[in-house]
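Just so it is clear, A, B, C, D, E and F label the chains in written order, and each chain counts residues from 1 on its own.
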Amino acid sequence: MEESERYQRGWQKLKEIDGEAGERVIESLRDIAPDFAKYIIEFPFGDIYSRPALDLKSREIAVVAALTALGNATPQLKVHIQGALNVGCSKQEVVEIIMQMAVYAGFPAALNGLFAAKEVFAEREDAA
Amino acid sequence: MEESERYQRGWQKLKEIDGEAGERVIESLRDIAPDFAKYIIEFPFGDIYSRPALDLKSREIAVVAALTALGNATPQLKVHIQGALNVGCSKQEVVEIIMQMAVYAGFPAALNGLFAAKEVFAEREDAA
Amino acid sequence: MEESERYQRGWQKLKEIDGEAGERVIESLRDIAPDFAKYIIEFPFGDIYSRPALDLKSREIAVVAALTALGNATPQLKVHIQGALNVGCSKQEVVEIIMQMAVYAGFPAALNGLFAAKEVFAEREDAA
Amino acid sequence: MEESERYQRGWQKLKEIDGEAGERVIESLRDIAPDFAKYIIEFPFGDIYSRPALDLKSREIAVVAALTALGNATPQLKVHIQGALNVGCSKQEVVEIIMQMAVYAGFPAALNGLFAAKEVFAEREDAA
Amino acid sequence: MEESERYQRGWQKLKEIDGEAGERVIESLRDIAPDFAKYIIEFPFGDIYSRPALDLKSREIAVVAALTALGNATPQLKVHIQGALNVGCSKQEVVEIIMQMAVYAGFPAALNGLFAAKEVFAEREDAA
Amino acid sequence: MEESERYQRGWQKLKEIDGEAGERVIESLRDIAPDFAKYIIEFPFGDIYSRPALDLKSREIAVVAALTALGNATPQLKVHIQGALNVGCSKQEVVEIIMQMAVYAGFPAALNGLFAAKEVFAEREDAA
C-alpha cells in the first residue's frame, strides 16, 4: 500500500535525522492532533527528506539556517541543530551557519541561534 | 593595513560568489550610501564568507534557504541563487533546497522561491 | 459622548470574546501604558470587532490563523484560542485552523500553535 | 492505489477552491519542479483541505487572514481571495477579514491586502 | 462631537506628516473600504501621532526603522521616508536609520530600504 | 593598527549604550563563538553606532522600534530598552515608541514590547 510506504519511509527518516527529539514531538501530538503527527511523518520526512537529489547534511544546513533566520521557532531549531549533528555536521559548522545568519536576518537572530546551539551542545555533553 | 586587507579579501570573495550581480549591487550604492557598499564588502564578504570552517557551497545553501524562508528579499535571493550555482550547486540542488522550505516556511514561500529560481535559470541560459 | 460609546461598546465586546483573559491584559497595562489599554478597547474591540458585516466566529478563525502564522505572539494566540472557543468554535475546529497553517507558514508554526492550543484546552478542563 | 486517490481528491479540491488561478500555478511548476506541483495537489489539497472537520469557507477565511498578516506572498494572497469568493465569502466579508489584520499585523499589511483585493475584484468584474 | 475631533485632528496630522502621498492612500481606499480610510485617519493619526509625549521626527525615525526591518511593506516605507523628510529628518539621517537596520534585520532588508530611499530622493528632486 | 581601533572604539560604544547588559552578551559568547563577540563589537558598535551623522538617542529609537516590530528577539529588545534609557530617552518616550508599533506591526507586537519595557523599568528600580 502506497501510503503505508510513505509513512514507514518517513518514520525511518525522522528517526535517522532527529532521533529521540523527533519521536518526542510526534508523541506530544498523539492526543491533540494525531493526524498532524501522521502528516509530519509522511510529507516532510516521507516525501521531502527522502528525495535523493540532495544529501541530508545539506538539507539540515538549509533548515538550521532558515529556522535561525525566521527566529520564531526555537524548539524546532534545537531539534534541527541536533539533526544537523546527527547527519554529519560538526559543532563548528553549525556555529558557522548560525553566525552567517547575522548577515541575512540580523545579529539578534544569530545571537538567539547561538544560544540555542549552546544549550543543545551542553545537553549532548551531559548525555555522553 | 588591516582594514585594507579585509576590503581586498572581501572584494575577491564577492566576485567569486556573486559575480557581476554582486558588483552591480555595490555599484548601485555608490551615490546613496557609499559607506554601506564598503561595509558589505568588509563584513559579510571580508569577515564571514572568508572564514575557512565552512565551505562556500554550504554557505550558499544556508543563504538560499534563509532568503526563501524570509520571503521578503527577492532581489537578494536571486543574487544568491546565482551565487549557489557559481560555487558548485547544481540547478537540481537549488530546487531541492527551495522545495524543502515549504516544510519550514510554508508553500507560498517555496513557490515564490521556485519562481525566482526559474527566472535566474532562464537568464543564465540567455547569457550562455 | 461618541468616544465613551466606542469605549463601552469595546469593553462589552472584549468581555464577550476574550473573557477574563482579555480583562487581565487590560489590567496589566494600567501602570505602564493606561492609554494603550484604552486604545485596545476602543479600536480593535469598539471599532473592528463590533462591525456587523462578519460574525465573531469568522473573526476569531481569522485571528487564530494569523497569530499562528506570525508565530511571534504566543500569549495573544492563547487568548484568542480562548476567544475562538468562547464565540462558538469547537476544539476540533481550532485544531483544524492551526493545522492548516502548516501549509501557509510551515510546520514549526503549526506545531507551536498546536502546543498553545493544548495548554489552553488543559486550562479550560482544569477550570471546568 | 492510495497515492493516486490523494492526488485525484486534491486535484478536484484545488479546482473547486482556486479554479483556473490554481491550475495556472500548477502548470507554471511543470518544467522547474514537477514533483512540487504533485506535492501541492497531494498535501495541501488532497490531505488538508479535504478534511471534513472544517468547512471550506472557514478554511479560506483562515488563509486570507494568514497571507495578509505575513505580507510576503501577494500572488498567493490573490489566488486565495479568489478562493474565498469561490467557496462562499462575499466581497464585504473578504474586506472585513483583511481590515481586521490591521489589529494583528499592522495597518501596512492590511492596506496591501486591501489593494490585492481591489485588483482581484476588478479582474472578476472584467471576466464577468 | 468627540469622534469628529479625532477625525479632524488626524486629517491635519496625516497631511502634515505624509502630505500628498498620504492623501492618495486615503483616496485609494474610498471605493473598496471607506471605513478603513476613516480608521487610518482616526487611530494612527488622530490618536497616536497626535500624542505630545514624543516629537514627530522621533516617531518617523521609529517608523522608517520598523518598516525597513519588516521588509514587506515597501509602498508604506516610501510614504514614511517622505514623512521623515517632511518633519525634519535630513536625507543623511534617513540613510543612517536604514543602514542601521542591517544590524537588526540583515543586510538585504537594509539594501531594499536604501533602494526605496533612492527612489524617494529622486522623486523629490524631480518635483523640486 | 586599523582593526584594533575599530575594536576599541566599538567596545567603548557598547559600554556607553548597553552598559553591563551588553558586556554580559559578549561574555556569554566567549566559549561558543568568540569571533562572533568580536564581530559584534567591531561592526555594529565600532562601525555603525560610531558614525557621527545620527545621534545615539535617534539610533536607539530606531532599534527599539525595529525589535518591537519584528517581535522575535525579546532579550535583545530588553537590552536596547536599557540602551535607549542610557542614552537619553525617558521611560515615557520608550513607551510611546512601542505603542506606535501597534500601527505598523499590530497590537500583539506592541503589547509584548510594553511587557518587556515593564520588566526593564522594574529591574532598574530594583537596581537603583
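FYI, a residue touches a chain if its C-beta (ideal position, glycine included) is under 8 Å from a C-beta of that chain, and two chains touch if they have at least 3 such contacts.
Owing to the predicted nature of the structure, the values given are computational and were not obtained by experimental measurement.
Looking at chain A and chain C, the chains that touch each of them are B, D, E, F.
Annotation of chain E and chain F: jointly contacted by A, B, C, D, touch as defined at the top. By number of C-beta pairs in contact, C-D leads over the other of B-E and C-D.
The equivalent interface to A-C, defined as the listed pair sharing over half of its contact pairs by residue number with it, is B-E out of B-F, B-E or E-F.
Centre-to-centre, using mean CA coordinates, chain A is 23 Å away from chain B. Taking the mean of the C-alpha atoms as each chain's centre, chain A and chain F sit 30 Å apart. Of all residues in chain E, those touching 2 or more other chains are 35, 39, 43-44, 48, 51, 67, 69-72, 76, 95, 99, 101-109, listed in ascending order. Under the stated contact rule, the graph of chain-to-chain touches is complete, every pair of chains being in contact.
Taken in their complex, chain C has these residues touching chain D: 43-44, 48-49, 51, 53-54, 58-59, 61-70, 76, 92-93, 95-97, 99-105.
Put simply, chain B touches chain E in their complex at residues 25, 28-29, 31-33, 35-36, 39-40, 44, 67, 70-73, 75-76.
Remark: chain F residues 69, 101-109 touch chain D in the complex.
Residue ranges on chain A touching chain F, taken from their complex, read 70-72, 95, 98-99, 102, 106-112, 114-115, 117-118, 121. The part of chain E that touches chain C in the complex is made up of residues 1-4, 6, 35, 39, 43, 47-48, 51.
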